[in-house]
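Got some structures for you, see below.
Each of the two complexes below includes subunit A, the first together with subunit B, the second together with subunit C.
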Partner chain A sequence: MAGQQLALTVLMGLVLVGVAALLTRIEDWRRYTALAGGAVAVGEESGYGHREKPSGVIRWLTTVDHKDIGILYGVFALISLAVGGLMVMVMRFELLTPASDVISPQLYNAFLTSHGITMLFLFGTPIIAAFGNYFIPLLIGADDMAFPRINAIAFWLLPPGALLIWGGFLIPGIAPSQTSWTMYTPLSVEQAHLGADLMLLGLHLTGVSATMGAINFIVTIFTERGEDVNWANLDIFSWTMLTQSGIILFAFPLLGSAIVMLLLDRNLGTLFYAVGEGGGTILWQHLFWFFGHPEVYILVLPPMGLVSYILPRFAGRKLFGFKFVVYSTLAIGVLSFGVWAHHMFSTGIDPRLRASFMAVSLAIAVPSAVKTFNWITTMWNGRIKLAAPMLFCIGFVSNFIIGGVTGVFLASIPVDLVLHDTYYVVGHFHYIIMGAIAFAVFAGIYYWFPIFTGKMYQRTLAKWHFWLSMIGTNVTFFAMLLLGYMEMPRRYASYEFDPAVAPLDAITLLHQAATVGAVILLIGQIIFVWNVVQSWLEAPTLTDEDPWDLKNDGLFTREFGWNADRLALPDGGEEEAMADGGEAEADQ
Partner chain B sequence: MSVTTAIRGRRVVLVVYLVVVAIAGLMGTILGATRPDVVDPVLFGVFPLPASAFGMAVYGMVTVGLAVGVLVVAVSYVAARFDTHEPGGE
Partner chain C sequence: MSEQVDAAGGYRRASPWPVFVALGFALSELGIFVGLYPVAVGGLLLLAGSVAGILRESDYATDVWRPLAGLGVAFAVLGIAVVGTQVDPTTLDVLAVVSDPGGIVGRGLAIAGAGVILLVVGLVGYLLE
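Up next is the complex of A and B:
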């Protein structure tokens, strides 16, 4: 038996070597090399020798071009969005009736866990990295990211991470993790599923990926800026990416360490989080939320940057109070590390500690309100063009107000003790994550669609996408806020109520409303996918270098200038400038 | 290329304001209708309102309308005095 396994392993190794050898025969990928100084001898239009980008799948497997990697991040994130979205659709149908009659409670718990992890780590962080990779070098006048190869490695850690996170569903005979995304101990230590170990390993990989990406963004923005880009005129999206990367640098390594300790507790009998010994179960919550709350700002700051960047272009004005928006971004970056224990108000921690965390949690609302104030003031005197990116920006602002105001109440200890672990919390943070973050992402995709596809999306479909998303979001998460007020606890596949607490009919009706809202959301996203794919493949090539009419308002920006240069090249971008001494290669 | 016709920004802001206030009223109505036994609305902590759908709707709309209304008034004040960008120039 052991001999057979050894033989099989050797055989598989030989097959892998054979495949690698075959690939090298198909494309001479070894010539696809970085130049000294970080510039890369690839990239369609970056101006540093363009003839070496391989074609077909090999290009995507070997690329170190920031634009290609941005697209890879984007495609990966949107696939993850679809997976996480379909998981939650099954959960919503389960909640149509009080009984658990569509899927088993165990499968519900597994979907619950995977939905959270997928949306935060496989959709949220990567889609932001997609925008960052594609556009930061263009916005700051850099040739590429500072470390192109590390950039590629950071992306390629994600697919195996995703497979590990979803491993419990994909591998027959292994139960998926059912710990919820918070992985609270002792549940996560004692749950024997192998799927939980795989998920932890996958999560670790995504954390390493995010950290590598963050280092790259920081170094790029510090050292690779063009001569005419300084700290005073650095764009707002780059500022938010820089702050976000700083937060990642402090938050994700801690998560990695905490996860390793959890894995050791699970598999090697260590006692880091053991009840009554070691650090106890509360240690996990402190470590997790020291990462977990900054993670909220890791996810929301760049989308805020996108809105701050895009919204003024459709209001015909510059962003009002630019400096204050930057200061508020930096303030959020610092304060985000001082609020973690507001997730733990009901755990019995010292009341004096709770009070201090309540104060900081209320204080962090101030810079967020400053941003909201500036977005609204920018719009007030403007002439609004209600194109799809602007619709999503306005949707972002209104949903962010609702999500933000409901969050302020949760920062208050007495209110939190009543609403903790109810659907109110779920409604609140989904208003932020779906209603705000995802909306900003859609705004970014539509706004820059002419650049990364060279085409224009179908405007009517984009407006359908917006309105269905807006209505679906508000129906679903408004119903959840109401469910929370009626004391419906979160994380349950089934529900029954003492009539003295709340009428079951009303609870069921609200769950059904939330499910109807989720279906509306799903239809909107199907339209989105259709629009993006069909427009990308079939729309006529866009020749207008200023598709949003930005020049009239003096708001034409560097990335569209870059796009204009690309369009101006007669043959579509076979420029051969060798500014740093790299040699132009002959055709392969 | 003209993307779409432009409308005045303040109109958009006021519509969003009215929608947010209406949502607060809707939430009050539903909570008052489903759980009249547990709600006890007292406007600004001074003026008691009936524990009903109507009372909760008024409570929600007045509270949110005032709180967000202050923000809108502040925006209009600041925009009138300090927002100096002229379209067509940097």
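Up next is the complex of A and C:
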């Protein structure tokens, strides 16, 4: 033990010395001594170049430029998407047969836990931050985010968070967490795995990161708007990011506190969630879902904003009922905090409380439906151009309707009591998360691909990506809805049924259909990765400043205007050597 | 915003500190909660050093020594408070808990230890300049 402590101490000492050595290479320390000595004029620039970015890896480690940080967020999120996706592929193969014969139930549980956490916290939230960071300053006419360094800190909290969340798999000899992403007590208190502690710590870090990012977005949108951007003409994506950031501000710190209490219960003998003591086990569910349900809207509002922003540009019309889309966004933001107990209808809470939560849960469907009707009406009689971003937007609307309507049924207490903890719930929320949120993300990536790469993606591959994703999503998750009707419970590595309840053959067949759908999805995503990577590296540089032909319809927007300025630069748009991406030079 | 603009009037687009602030935060949290005391102390030192660096860089502080010492005081007070929760209020026998530090006391001592180191570094640096 003493030897281990000594080794750790030496290791930490080496880390600190290494950090100091690295800093001396990239930051001029003499700046401080000179200032303190008073011998040099205050404010003299340090040796480290600030107007130009350093090159190589150091550029990416030290950048505080919102566009670079946006790309870092995006790359991180897509790597997480791949990790979470591969985890669930193993799970789907496990479910091909009723017996547990591909992986052990323990590993299945670990993958189940990690898949959920990875997709929600390491893919969903960061990919939205990627779009927000890159495009919000461009959309609102700001030079950068309000707090560029805090922006960078928020991003750099994510990689250590991810390593901790996956720590149970990465560190030999410790078991990964098997608590499911909801981490319900008493299971999560009593499960002795070190992997669970590491996952909770990682989750806490991602929460801190999201909160820092949200503060930054709010301040940026309030204080850094260009002179000609006001609340009346603020774009819809910024509105949804603003609302989402507001929700994060109230939801994530609560998750952080609840996690710290859980860690204290696990490691330091407190009794916050102990059975019969303190708040009891139900306290965790209240705290978790008070965060957890707003989290759903944290994840879905900006993608809704993306669709509201992109869809009109391929329909040749302005967004129908813009004001009402904004109002419904704000309404969802407020109502999202009044629905959490609909996750707890079957826990035995007071029936009067249940009824009020049912009412609010049904009410929140109204603003969501307002948006849906607005998207449909925008397309009505429009000149629809079925480019890849538009296909994904239409796919979003279609999947969102199925995911949303199945959710309305779940909001009803009697229906929920029957379907609770079945695959119906899994099918419902995957229609939203994969079918809607991920589709909007793909729409955003394709729509803005010309801006962040300066290239164009391969259109045929993008359409393959869309159709495989659309078919795969519906095969997989519709099968899950049917599995739910047949009372297949969630979170099991193996299954067997009394023939009086459900025929095992039918259950197995539906599981196999879901797995086939997942394979189709996987093929689609491999095409996506291939398309993005190859197009980014090899496609010819795009010189068309209006690749979507937006000017004809009067739908040309500020971020493409910024891109056009960049393309118009005499040096061919090489942004490395310019102040803030070329605007300053372009104006001179 | 003024903090973004350097003396030459351009915008700073690179800073070495954020990655180390994040790493320091992660290491200190890991060390404190899992009970790896050297990691806790090292993480807190890295966190405080980077915070001092980033405050200096963005001109919120005129030197790094005062923020270092200030954070040292804060950590020391926090660590002592954590240890204090385990002292028997009737006997106030501090030695008894400190001489045989277990879970909570060990963590408190790690935080306080990092605080003292930072305070000393901050004071020495300030006085030498």
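A few points about this structure:
Everything that follows uses one rule, which is that the second predicted complex is superposed on the first by the 524 of 588 C-alpha atoms of A that agree within 3 Å, B and C clash if a C-alpha of one lies under 4 Å from a C-alpha of the other, contacts with A are read in each partner's own complex, and residues count from 1 in each chain.
In this text, contacts are C-beta pairs under 8 Å (C-beta built on N, C-alpha and C of every residue); 3 or more make two chains touch, one makes a residue touch a chain.
Values in this document were obtained by computation on a predicted structure and should not be read as measured data.
Looking at the shared chain after the overlay, A:553 reaches subunit B, while subunit C stays out of its contact range.
Contacts of A:428 after superposition on the shared chain: neither subunit B nor subunit C is touched.
In the superposed pair of complexes, A:148 makes contact with subunit C only, with no contact to subunit B.
Contacts of A:161 after superposition on the shared chain: subunit C is touched, whereas subunit B is not.
Applying the stated contact rule after C-alpha superposition, one finds that A:15 touches subunit C and leaves subunit B untouched. Ranking subunit B and subunit C by residues of subunit A touched puts C first.
In the superposition on chain A, contact of A:263 is made with subunit C only, not with subunit B.
Of the two partner chains placed by the overlay, neither subunit B nor subunit C lies in contact with A:342.
Put simply, subunit A uses no single residue to touch subunit B in one complex and subunit C in the other. Residues of subunit C that touch subunit A in their complex: 1, 3-4, 6-8, 10-23, 25-27, 29-30, 33-39, 41-43, 45-46, 53-54, 56-58, 62-64, 103-104, 129. Those residues of subunit A whose C-beta lies close enough to touch subunit C in the complex are 5, 8-9, 11-13, 15-16, 19, 22-23, 26-27, 32-33, 35-37, 43-45, 48-54, 59, 61-65, 143-144, 146-150, 152-153, 155-157, 160-161, 164, 194, 197-198, 201, 204-205, 208, 223-224, 263, 267-269, 579-580. Of all residues in subunit B, those touching subunit A in their complex are 1-10, 12-13, 16, 19-20, 23, 26-27, 30-31, 34-35, 64, 68, 71-72, 74-76, 78-79, 82-83, 85, 87-90. Taken together, the subunit A residues at the contact with subunit B in this complex read 315-318, 320, 372-373, 376-387, 394, 397-398, 401-402, 405, 474, 478, 481-482, 485-486, 502-503, 506, 544, 546-549, 552-554.
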